[in-house]
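Pasting the structures in now, so scroll down.
Okay, so chain A shows up in both of these, paired with chain B first and chain C after.
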Partner chain A sequence: MSELENPNENIYSLTKDEEEILKPKKDFFIKGVLIFGGLFFLFSLYELNIDYANLLEGTGAFFAMLIDMFPPNISEWAYVLPAAIESLQVAILGTVIAVVISLVLAFLAAENLAPSLWVSRIVKGFATLMRVIPTIIWALIFIVAVGLGPLPGVLAIAVHSLGMLIKVFAQSVEEMDEGKIEALKASGAGWIQIIAQAVIPTVLTALMSWTILRLEIDIGESTILGLVGAGGIGWELMRAMRSYDFNSALFITMVIFIMIFSVEMLSNRLKLKV
Partner chain B sequence: MNPILQIENLDKVYPDGTVALSNINFSVYPGEFVVVIGPSGAGKSTLLRCMNRLIEPTNGNVIFKDKKINQASARQVKQIRREIGMVFQNFNLIDRLTVLNNVLHGRLGYTNTIKGSLGIFSKKDIAEAEEILDRVGLKKQKYKRADELSGGQMQRVGISRALAQRPRLILADEPIASLDPASSKNIMDHIYNICTEDKITAIVNLHQVEVAIKYATRIIGIQNGEVIFDGQPSQLTDRIIDEIYHNRKPPLVHAQ
Partner chain C sequence: MLNKWKRVIALEGTKDIRRHKRLQTMLIILLVIGLTVWSAIGTDFSVYEVFSGVGLISNFLFLDLLPPDVTTSGSLLGAILETLYMGFVGMVVGALIALILSFLAAGTTTPHPIIQVVVRAFTSIIRNIPGLIWALILVASYGIGVTVGTLSLILGSVGFLTRVFADTLEEIDTGKIEALNATGSSYLQVLAQGVFPQFIPGFVAWSLYNLELNIRASTIIGMVGGGGIGFAIQKGIKLFQYKEVSMAIILVLVLILSTEFLTSKIRERII
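So, the complex of A and B:
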């Protein structure tokens, strides 16, 4: 700020020598993190003391089991297919609930729209809390609260997805050109009008692709949720494995694969559209 | 004649300590076409945004039609803003919406929250928006998406949006800085003619002195957040222009 002390000096003068740029200091932080990460990896490898012979043996056993699983037993399709559909329903319901709620909360979380920085911080903190607890833990919590069945699954997916969607929706809104918000503000529009007429149309494609991505993840998660008793196809898989009915387990696995794969195909098509 | 806008002892200091405006005083009378000139970073944009309180002034008063904007409640500020149209350098249209819809945004302040949010406007508003588009020569483009227009067309939509407010005052922040020379002339002609015909007062930020001299009824020169010239275009001598643009003091915004 030394120039300010001499306001008459013309700092734009072309005759004045250019200021020498100092060589930037090396960033020791990144280097330290990398070195620490490498050392920790080696330490873990040593400390966990993995028996590699076991790994080899296990691979053999694994393939033996795979062969054992053939052919898939499709006789129980009448139970498996409805369960698959239930998983799909749980995922869709959970995702839709999360999208609707996050659409309200994301605008409170986005710093360029939040009524105050504190509101933004509180909503973001709340979102982080929901996000860091995995869906399966949420499912266990909700099973205690509301009992077994699809409901805890729906709630678990809704809560965990909400945590992520608030964050990514708010980020999309924050990346938006401030001028567009300013323009509507200047015309006397209110907060809700600005969101509905300027923000949503501008970030719509981002919101849609995040929603599709989240639905994809949630379909995967809803199949897993069955394992802890939150209904759906995961529950069927669990049952088959427990009774060593590997042939049924293979069929169920194939159904899950087809389900997730087709959703991914569909969402890829959708993403091309938006 | 009472001034439409009075600026009294206006200061703006940003939280990082940058002094953007210091002790600005002037009054704007109805029908004036005021052009504010000055180098980049002189505080022109900040000054304009203090007028409709998009930026909160640190000290001083901004009085629009005898109402102190700086002391108004949030609700009153919205009502005052309805009467002040604003035109931007980057147009700030909503890309995915139609031209007509963008113009109708100028009516949001007069439309209730739910209808406005859903984009439901009265027949009268729509007819008026179409009339304004006709005036700027964009009637045929009304159903085009805003991002399909050229820069000059976008700015005409920007002007139309401001006009849809039926404003008493138009603030234009570098309206031609992103346009080619032909479009620039077209846009300045539109702003000037419309303001003259409709008796709208205008305050326009520009950095091209020739353009300022051509259109302005009054020129205000700003440097380092202070008014260093306020008078008629004929009084603006080369020496003063030089003072505004060349003998710069250290810039307001320090690269940090």
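So, the complex of A and C:
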């Protein structure tokens, strides 16, 4: 009972060392980040040189336009709804293509399965390149190459998603328990047998939830691909805005909102199930 | 005898479950295949066209697009910095607005459930309309320029950050809040003493992630008139200056990868 020997001493008080453990330098670091962020914010604001008179004027115009937008003009639904479905189809097809190809490439990219470290690095490098270039820039590139229409949209979504899916699939494969692979290797299983018997059953749920997430993102992205001419509902919106047909634009925006919102709801429910 | 029957019934049961599961898997696979075929028909997708396009695409990539025109990097540098500034300003302003909104939207800190529902619905509308579409709508009232880009990034950040901040707030330890309430603290005191200290790391980490999203988004928002590198890319494609476009894409790559690197380093130290 050594603590009770000196009853005046508060046994709960911390020594200096202990206090430092409880309050690490994190606080200091976070403060530094916040201060630097604030300074950089002021600098950026200065460099952007925003025209505040225009900002004020534009805000007035924006709200006037919002009021002008009502009521939504639904008379063109016969064009808008097929375009929305086309966007959905572009997203589904692009995602499916990406998933199928990434299933092969991810096993080459995962370091614990790749035939050699170099193969893994090269595949990952390509994946980074595909992932970092935004979908819409891919769409622009494919439009120049294969012409307007849904095809460049499908390709753009497939390529961009492929980059992300290779990365995350490879990560989930790398995180799996090495023992299973070792056991199969010891019993003389080949590369394909290892993947079919050990890897796929283990990572299946992770793959499925990533796929659902990716489909959700792709449906959002496919709605905007039309802005550059890659088919779908974005094109209808672009057309309506260009001709100052704000009531149709509101209707199209509402359709886009409903599409993305219902997909979010649906995928939240699916995620719970998976 | 009875035990044996029980076991047989149990076995039959597992068989049923297995059959049921297999049926379910088959149905899902069929559904996916059906959706894919439906999409392929709807988009006139043909493998033949893709393969015949491969030649065109690689021609375009290696003859028109590459090598990048390094001499234009001087003028593009201004555009890429503009993109960075827009992304950052959008993140900071968005995070500050989202900070206030998230306290209203989180179940643990909201002053009234009706306010919570209203704020959640409002941010859900903002979030579920893509940034590029916001930019397109804003261009009609503000005209082409960085104002549109910054504003649409702010909107996107508010939509995203309010949701994740509110989720973070709902996950914090409520014991502290109860203790503070019990000692008679006011609403603001509870926020400052009980909620804020636990919230800061999540706040910084999510804001950094949002910065990444913003920088990706701000590279493309220029295409509908939001300024920055997207505008330069769009212009280059319209004028067939493809070598300038590839230089711009390389700058985008550098910017996105370096932000990703930097934010992941900061996040590692915080969490």
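Keep in mind that, in the parts below, the second predicted complex is superposed on the first by the 230 of 274 C-alpha atoms of A that agree within 3 Å, B and C clash if a C-alpha of one lies under 4 Å from a C-alpha of the other, contacts with A are read in each partner's own complex, and residues count from 1 in each chain.
Basically, contacts are C-beta pairs under 8 Å (C-beta built on N, C-alpha and C of every residue); 3 or more make two chains touch, one makes a residue touch a chain.
All values reported here derive from a predicted model rather than from experimental measurement.
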Per the contact definition in the header, classify A:K185: touching chain B only (first), chain C only (second), both, or neither. first
Touch check for A:D177: first (chain B), second (chain C), both, or neither? first
Partner chain in contact with A:M265 - chain B first, chain C second, else both or neither: neither
Given the superposition on chain A, which partner contacts more residues in chain A: chain B or chain C? C
Does the superposition put A:L39 against chain B (first), chain C (second), both, or neither? neither
Between chain B and chain C, whom does A:Q197 touch in the aligned arrangement: first, second, both, or neither? first
In the overlaid three-chain picture, which partner chain does A:T253 touch, first (chain B) or second (chain C), both, or neither? second
Interface residues of chain A shared between complexes with chain B and chain C: none
For the chain A and chain B complex, residues of the former touching the latter: 1, 3-4, 7-12, 177, 179-180, 182-190, 192-193, 195-198, 201-202, 204
So in the complex, the part of chain A that touches chain C is made up of which residues? 26, 29-30, 33-34, 37-38, 40-41, 44-45, 47-51, 54-55, 58-59, 61-62, 64-65, 85-86, 88-90, 92-93, 96, 128-129, 132-134, 136-137, 140-142, 144-146, 149-151, 153-155, 220-221, 223-224, 227-228, 231, 234, 237-238, 241, 244, 246, 249, 253, 256-257, 260-261, 264
Counting only contacts in the complex, chain C reaches chain A at residues 32, 35-36, 38-40, 42-45, 49-50, 53, 56-57, 59-61, 64-65, 81-82, 84-86, 88-89, 92, 124-125, 128-130, 132-133, 136-143, 145-147, 150, 200-201, 204, 216, 219-220, 223-224, 233-234, 237, 242, 249, 252-253, 256-257, 266, 269-270
The answer for chain B against chain A in the complex is residues 52, 54, 78-82, 84-86, 88, 90, 92-97, 105-106, 108-111, 113, 116-119, 158, 161-162, 165, 171, 247-251, 254
